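I've put the structures underneath this note.
Next come two complexes built around subunit A: one with subunit B, the other with subunit C.
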Partner chain A sequence: MPENLYNWFDQRLGLGALKEMAEHKQVPNHKLSHWYYWGGLSLFFFSVMCASGVLLLMYYTPGEGAYESVRNITTHVKFGWLIRSIHSWSANLMIFSAFVHMFSTFFMKAYRAPREFLWWSGIGLLSLGMIFGFSGYLLPMDELAYFATKVGLAIPSTMPVVGPIISDLARGGSEIGAITVSRFFALHVAILPAVFIPLLGFHLYLVQKHGMSIPPSEQAKPESKRKTIPFFPNFALKDLAVWLIALNVLALLACIFPWDLGPAADSLKSAPQDIHPEWYFMSSFQILKAFGNWFPGALGEFLGLGVFNLGVFLWALVPFFDPDTRGGAWARRVTWYGYFVVLVVIVTTIWAYLALPSGT
Partner chain B sequence: MSEDKKNVPNPGEVDQDRRTFLKLAAGAVGVGYAGLVGYPVYRYVASPVEDAAAVGAVKEVTLAPEAASLPKNASMMFKFGSQPAMLIHHDDDTWTALTAVCTHLGCTAGYDPVKKHIFCPCHGGTYDAHTGANVAGPPPKPLDKFAVKIAEGKVVVSRA
Partner chain C sequence: MNYPFLDIPFFGSGWMIGINAIIHVLISHFAVGGGIFLVFAEAKALREGRRDWFPRLKALSKFFLVLTGVFGAMGGVGIWFSIGLANPEGTSVLIHNFVFGWAIEWVFFLVELSLAAAYYYTWNRVSDKDHLRLGYAYAIASIGTLVIINGILTFKLTPGEWLAHAGSGQEPMYFFQAFFNPGYWPALGVRVLGCLALAGVWSLLVFSRIDGETEGAVKTSMVRWATKWFLPGFFLMPVFAFWFYSTIPLDHRALLELGIASIGQGLFTHVTRMALIFILSMATISAVVYLIAWYAPRNFGFGNALLVMFLAAMAVGSGESLREYLRKPFIVNGYIYSNGTRVKEVAKRNEEGYLKNSMWVVKGFGNDANALSKYEVGKRMFQGQCMTCHTVDGYRSMRKLLKGRDNKSIASVLEVLHEYKPDSPYRKYMPPLVGRPEEIDALRFYLNHMVNGDPVAAKAP
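Moving on to the complex of A and B:
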C-alpha cells in the first residue's frame, strides 16, 4: 500500500493504534495452549453460519411454503444443497467446538476472578446457540423436523403452571403448523441474532480486557519462566491455519454427507421410527426420560427437570465455589464436579442413542 | 525458526528468493480458496438468472384460445418467455405482436385504442402500433416485433 494512502486512512481511523495493540498483545504459550483454539473455532463456525444463513434467506420462505422452498434449495438452486449442508454442519461443529471450549476453560480454571463474566456470558452463548439449533431444526418442515420439534416442545409443557403457556406460545396454538414455522423463523433470524451478537461482542471484549487465562500449572511457575508469543502475527497465523483446516473439514463433511431432506411433515401420518433431537440435546433428553421411568407420573418430570436445572445452575456458579488461585479443597471438589458432569454427559448421550427403538 | 537457519547459507541473512517464493505461494493459496468459496456462492446467487435465461430463450408462444377472438382495435398482454408482450388486433384485421418493454427505461407500454398507437406512461414514449417504430418521446429504439400466425382459432407468436 502506498505510504500516503496508508497515512490517509490511519489519520482518520487510527489503524496504527490497533496494529500496535495487536502486536503488543501476548498469548501464553505452554503445553496446554492448543486448547486456546476452540473459542476461535466456535467463532469461525459462527461466521460461516451467518454467511450461509444469509444465502439461505435468499430462497427460503417460512409458513406454508417452507418445505417446498427447502426442497427447491436442495434440488434445484445451483449449489443450494452445498450451502444448506454447510449451514447445518457448521451449526453442529460450532456447538461441538463451544462444548470443547467450555470444558477446556473449566478444567483450566479460567472462570476464576476476574473472568466470572466470561464464564457466564459463555454459558449464555452456548444456551442461545442450542436454541438457535432447536429453532433452525424445524424450518425445513420435513417429517423428522416436525416430530422432533413436537417432542421438544412437549418437554417444557410438563413444567407446572408456566410450562403449557411456554409451549403454546412457541407453537402459536396447540399444534405445530405454518404459524409455528413463521415464529421459529423470526426467532432464528431476527430475535436470537439480536441477542447473540451483542453478547458475543461482550464475551470477546472481556477476552481482550483480561487476556487469555493461564492454567494453574502455569501460574505455579515464576513469571520469568512463563513463555508467551505475540498475538500478531504469530498467534493470528496459527489461528488462521486452524481455521483453514476447519474450513476443509467442513467442506468435506458437507460434500460427503450432505444434509438430508425427508418427506414433508404430515401430522396425520404416524411418526417415523427413531425420532430424536440433535445429538447435543440427547443427554438432557435422556436425563428427563430416565427420571420419568424411575418415578412415574408428574413426580418424575418434576425431579428430572429439577435435577437437570440444579446441575446447570451449579455449573454457572463455580466461580463462587472456586474463586481464585488459592484453590484448596474447593478447587479440587469443583474439578471433580467437572469430571462428573463430563461423565454424565457422555454416558447419558450414549445411553440415549442405545435406547432408540432401532438401537443405533 | 531454527530449521530456517539451517537452510540459509549465511545465518542472520534473510534468503530473499525463499521469502518471495513463500509470499507468492501464500498468495496463490489465498486466491485458490477465494475461488473455491466464491464460485459456488456466485452460482448459488446467480441461479435464478440462469433459470430466467432458460425461460427467456423460448422461440415460440401459443396464446390462450381467447386470443383468436380478440375484437378489432383491441389488445391483450401476454408473456413471451419472461417478458411482457402485447398482441394487437387492428381495425384493418391485421395483427401485430411486439414486446411491451419500453426501450427507454423498461416500463411496460400499452396500446391506446383511441389514438391507435402504443404509449408508455412513464415518460410519454410513443410507438407506431403496426411497426413498433419509436415515433415520439424519449425511446431510443423501436419495440421488437414478433411474427404472428393465426390458424384454426389458435394464435402462435414467434421470434421474427
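Moving on to the complex of A and C:
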C-alpha cells in the first residue's frame, strides 16, 4: 500500500528525480565544514520569523491603534509575549547568522566562479533582511521605536536630490505618525516578503545547482583525499540537530530576555538621550556620524554616505577582482580587504556604543 | 536577621548560588550516573570481549576522577559556602533538621571519592572481577549520596507532616517524616534519570575525541552505546516529572498558572519561563543526540559534544531554578520565608521591630537601634528583607521595578506587602514585609531616595 501511494504521487509529481538528486548530492567534509551550517541557520530563523509573524498578524493593527494592539499582545493574549519575543529574537539572530554566513563564505572564497550570483543574491537577501528589521522596529510605536525610526529616516534625507523623496515616501508626510506605521506595515508584511521570498528561492536554487563550495585549503588537496558526506540523510539530519539547538537558544533568549514594550510614542516629548538603532545598523550609523563630525555640513554627510556606499559596492564586486581558483596577488588583496571590512565593522560598532550618552 | 547581610551588587546573591549550583549539578549527577555507566560499560566489554573499549574506559575514568573529585567536590563546598552566606537563617533550619542526614552523606561521599580513585588506579592491576567489584561499590556509594541529598532538597518544597511539628523544638524527632516527604520518590526518579542522561552527555564528550578515521569501529560502538543512556529519561522523565508536579502544593502550582495568565506583565513569571525552557530542552536533547551522535557516530566531533552539553546545561539550569522558583515565597514551605523571616515570628517582629531582632545591625551602632538615622534604618531594612532576592541596579533591580512610582506610590506598595492580605497579588511570590510602622516608613524613605533621588534623604548621614 505505501508503495502504491508513493507511485501515485511519483507519477504526478516526479518524486523520483527529487529522491535521486537528494541521494547523489554530496557535502564536502573537512575541518571548516561547520561554517556550512550558518546559511541553513539563517533560513531556519527566517522560517520561525514567518510563522511567528503570521501569529502576530492575527492581533496587530497598524495605524492609530498600533501601540495598543502590541500592548494587548504582550499583556493579554496568552503567550503573546512569547510569540512577540520569539519574532524579535529570531529577526536579530537571522541577521547575525546571515552576517556570519556572509563572512565565512567570503573567506572560504565561495564567491568565485561560477557562484557570483549566489554572492550577489546573498548580499541582496541580507540588505532586505536589514530593511525587514528597520520596518519592523517601528511597528509597536513605543517611544524607542518612534525616535529610532526618526533618526533612521533622517539618514537617507541627506542624500542629494533623491534623499528627501525617499524619506517623505517612507514617512507618508513630513512627520512620523499613524500613516508611517501603515506604510511600514505594508512594507514589512507585503512588499518585502514579495521581493525576499523569490530571491531566497533563487539563492537556494543556485546552492542546489552548484553545490557547496570548497575552500582553497581543500582545493589544494588531490581529489582522492577530499571527503564528502551524503546530503541526504547525513548532512540534512545534522542540519536538523543544529536547528533544534537554535530553537532552544531562541526559547532561552525569549524567556529570559523578553522583548520590552516602552511607553507609547509621543512626538511632543523630547527624545530620550540614548536613542540608537539596532546593533546591525550601529556600524553604518557611526561611520556617517564620524564623517559628519570631521567635515561639518553637507560635505560630511555626502562623504560619509559616499564612503559607505563605495565600501558596499566594492564588497559586491569582489568576484570580479578574484574570479577563480588561480589566486595570485588580487586574491590576497581581496582577502586583506575582507579583514579590513571585518575590522571596520567591529571597531565602528564598538565605537558607536561607547559614543552613546552615559546611562545606557 | 541575626547574621551579617551579604551584598552581591548587580548579580545578586541568588545568582551566586545559581551559577555554582548549575555547574555542581551537572558534575555531581555525572558522579552518580557516570559511576553506573563505567561499571556497566566495563561489564559489557568483558562479556562481549571488547578489549578495544578498555583504553577508552580508562581514559573516561581518569576524566571522571578529576572532574568529580576536584570540581564536583569543590562545587559542593562552594554551595555550602554560598548558601550559608546568602541565607544563613534558611541554612540553619536545614542543618538543625538534617544534621544526621548530612553526616550520613559525608560518609557516603568519603567512600565514593576513595573508590573513584581506587577504580582508576587499579585498571590492569587487579583481576577483572575485583575491578568490577570496585566499580559496583562505587556506583552504590554514589547513589547513596543522591538518596540522602534528595530528601533534604525535596523537603524544602513539600515538608509534609513535619510542618505540624515545626517550631516545637522537637523537629529532629520527625526526621523521617521530613526526609521521606511527599516529593521524595518522584524527585528521586527525576534525578536518577537525569544522572543516567548526564552520564551519556559527559561520556559523549570524552568519546568524541576518538579518531573516527583510524578507529571508526570502536568509536561507532562506544558513541552509540553512550547515546542509549538518554533513553530511560526520554521515556520516563515525563512520567516522573508529572508525578512530581502532582505533589506540589496547590497554591504553588497556582504560581505556574498565574505565570501563564499574567506573563505579559513581565516581572514575576520566572517559574513559567523556566518551565517552558525545561520542557523544550528536555524534549529536544534526545532528538539532537540521535541526529548528531547515533546517526553518524564517526563524524561526531568535540564541537558536537559541546552542543549536547549546552542543551544539558539548559535543562539542568532551568529544571533546578524551576524547583527553586516554585517554592516562592518560602525557603521551607510554610515555615520560613525566602528572606529568612520565620512565619511564626511575623507578628512578633511587627510588634517589636525588625531591627531590634537583627542583632548584627544594632551591634555596629553601640547596641542602640535609635542611634541609626532614618536613611540607615531604611537601608538596613532593605538589606535584610529585600536583598536576598533583589539588587539595586542589576538582577530584579529595585530601581527598575519601582521606576515611575513616587513617594506615595512606594508607600502603598510597602503597605500591601506589610498587610499581606489573603488576596494580595504579591503573596504568591513575595514574603511579607515585617517591622514597626516607623521602620517601614524608613524603608519607604530609603527606596524613594534610591528611585527618585530624594534630596532630603541624600543629605542624611
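The criterion applied here is as follows: the second predicted complex is superposed on the first by the 357 of 360 C-alpha atoms of A that agree within 3 Å, B and C clash if a C-alpha of one lies under 4 Å from a C-alpha of the other, contacts with A are read in each partner's own complex, and residues count from 1 in each chain.
Here is the rule we go by: a contact is a pair of C-beta atoms (placed from the backbone, for glycine too) under 8 Å apart; a residue touches a chain by one contact, two chains touch by 3 or more.
Just so it is clear, the model here is predicted, and its values are computed rather than measured.
By the touch criterion defined above, A:Ile197 lies against neither subunit B nor subunit C after alignment on the C-alpha atoms of chain A. In the superposition on chain A, A:Ile229 makes contact with subunit C only, while subunit B stays out of contact range.
When the two complexes are overlaid on their common chain A, residue A:Cys255 makes contact with subunit C while staying clear of subunit B. By the touch criterion stated above, A:Leu82 is placed in contact with subunit B and with subunit C alike.
When the two complexes are overlaid on their common chain A, residue A:His34 makes contact with subunit C while staying clear of subunit B. Touch counts on subunit A: comparing subunit C and subunit B, the chain ahead is C.
After overlaying the two complexes on the shared chain, residue contacts for A:Leu55 are found with subunit B alone; subunit C is out of touch.
In the superposed model, A:Leu240 makes contact with subunit C only, not with subunit B. In the three-chain superposition model, subunit A touches both subunit B and subunit C at residues 76-80, 82, 244, 247. Those residues of subunit C that touch subunit A in the complex are listed here as 260-261, 263-266, 273-274, 276-277, 280-281, 284, 287-288, 291-292, 295-296, 299, 303, 307, 310-311, 314.
Subunit B makes touch with subunit A in their complex at residues 33, 40-41, 43-48, 50.
Here subunit A touches subunit C in the complex through residues 29, 34, 73-82, 229, 233-234, 237-238, 240-242, 244-245, 247-248, 251-252, 255-256, 258, 260, going by the rule given at the top.
Residues 55, 58, 76-80, 82-83, 244, 247 of subunit A are the ones that touch subunit B when the two sit in their complex.
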